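Should a chain be cited, it is by its letter among A, B and C, assigned in written order, with residues numbered from 1 in that chain.
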Amino acid sequence: MKADRAAVCDLLAEYGALIDMAKFDEWLDLFAEECRYQIVPRENFDRGLPAALVFCDSRAMLEDRIRALREANKYNIHTDRHLIGLPRLLSPESEQLVVEAPFAVYQTDQEGETRLFATGLYRDRLACVGQRLKICDKLILLDTFAVPSLLATPL
Amino acid sequence: MKADRAAVCDLLAEYGALIDMAKFDEWLDLFAEECRYQIVPRENFDRGLPAALVFCDSRAMLEDRIRALREANKYNIHTDRHLIGLPRLLSPESEQLVVEAPFAVYQTDQEGETRLFATGLYRDRLACVGQRLKICDKLILLDTFAVPSLLATPL
Amino acid sequence: MKADRAAVCDLLAEYGALIDMAKFDEWLDLFAEECRYQIVPRENFDRGLPAALVFCDSRAMLEDRIRALREANKYNIHTDRHLIGLPRLLSPESEQLVVEAPFAVYQTDQEGETRLFATGLYRDRLACVGQRLKICDKLILLDTFAVPSLLATPL
């Protein structure tokens, strides 16, 4: 697949923006029908330990997860802000494109205090579905294993 | 207007860099003659409450505002650093281009301490004036309503 | 030199990613044979004071520096995360390209706490060496003069 930098940047920007606006249905639609979404502490990943903080290997499972988060959010009211850095387009495999991008997520609570919530690296496999680029596999390498109230939103 | 991603990225990068270098005359020149600049807490905006923290609906008003900030800065000495994330180019209207980009601003004080100052989202309407892309409308959705010493610099 | 935005973004993204993965040999390879790498507090730079926190004016010197850092890291175990903002491509000189980009570096310690470590501006001179864009001169303007444990990694 030809590496289309503009389409990759669009997809990443949309990914962050849709979470920040809590538009989770549109966010889910960025994923391919067959998809995987994982949050893994970077340290585990580097050591070859497979334990994920979150593991969804179908979109149905991801939808279910999101529903749970929205329920949980009633009790942990905050807003998110994703900052996603310049992506690296890695050597494209046959049909898919591998992309890495660093991210930081900030959260603002009801008192109006904004704090750094988490940093890490997205490692995505993307593929064209019809005319659109979609996420087939999203691996979120989290810099810390100690995320407070991780359940509150997707990263 | 054709969405020219490179020109949009240039304009956003320049916007942040000029504030960070305190080159406010060049910064003002990024705005069209007829322009609007607003800072609105995101919460107000989402609820349809129009109250802005800062509201300038002409470049003269924005210039006046900047003069006041520079005066205030004599008593709140710090430097800024803007980090602006990947932009989303939204469906172009007839003559104008709507762009959104998340941002984080860090401030460093005279003791050398660097802190997160604010996060939020830029929602800009841009238009070509001569050969250059300029800002017609800048809406700054601030993640918090509680910004300390907001007056100190533009966001 | 023609300003190739995609190549510049690739180089910047790779620069940050390779440090974050502690792939320092590949990181060194981003620099031209004849190169300079400096970290200067922004305040010094603005006042025309030449004192650098780190000054390497050859790749051999930079390699030596990196070896020392890796040794030091045995006692200051942490991971880095670079977020690099949209770059500005400044008016290209004859053979070289001048690029500026803001950055934030976060560090995560062994307890899993992630903190903002430093913010600043990269000012790079880049040139094509063979088919690849390489760094001839990297000036890192650090927003603070007070960086704790600066030695721990390159910025």
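Here is the rule we use: a residue touches a chain if its C-beta (ideal position, glycine included) is under 8 Å from a C-beta of that chain, and two chains touch if they have at least 3 such contacts.
Since this is a predicted model, take the numbers as computed values, not measurements.
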Magnitude of the superposing rotation for chain A and chain B (Cα, nearest 5°): 120
Message: If I list every residue number at the interface of chain A and chain C, are over half of them used by both copies, so same, or under half, so different?
response: different
Field: Rounded Å distance, chain A centre to chain C centre (Cα mean)
entry: 27
Query: Among the residues of chain C, which are close enough to touch at least two other chains?
result: 83, 85-87, 104, 116
- request: Sort out for me which residues of chain B touch chain A in the complex.
  value: 5, 42, 83, 85-89, 100-104, 116, 118-121, 143-146
- request: Would you tell me which residues of chain C are touching chain A in their complex?
  value: 6, 9-10, 12-14, 16-17, 20, 79, 81-87, 104, 106, 108, 111-116
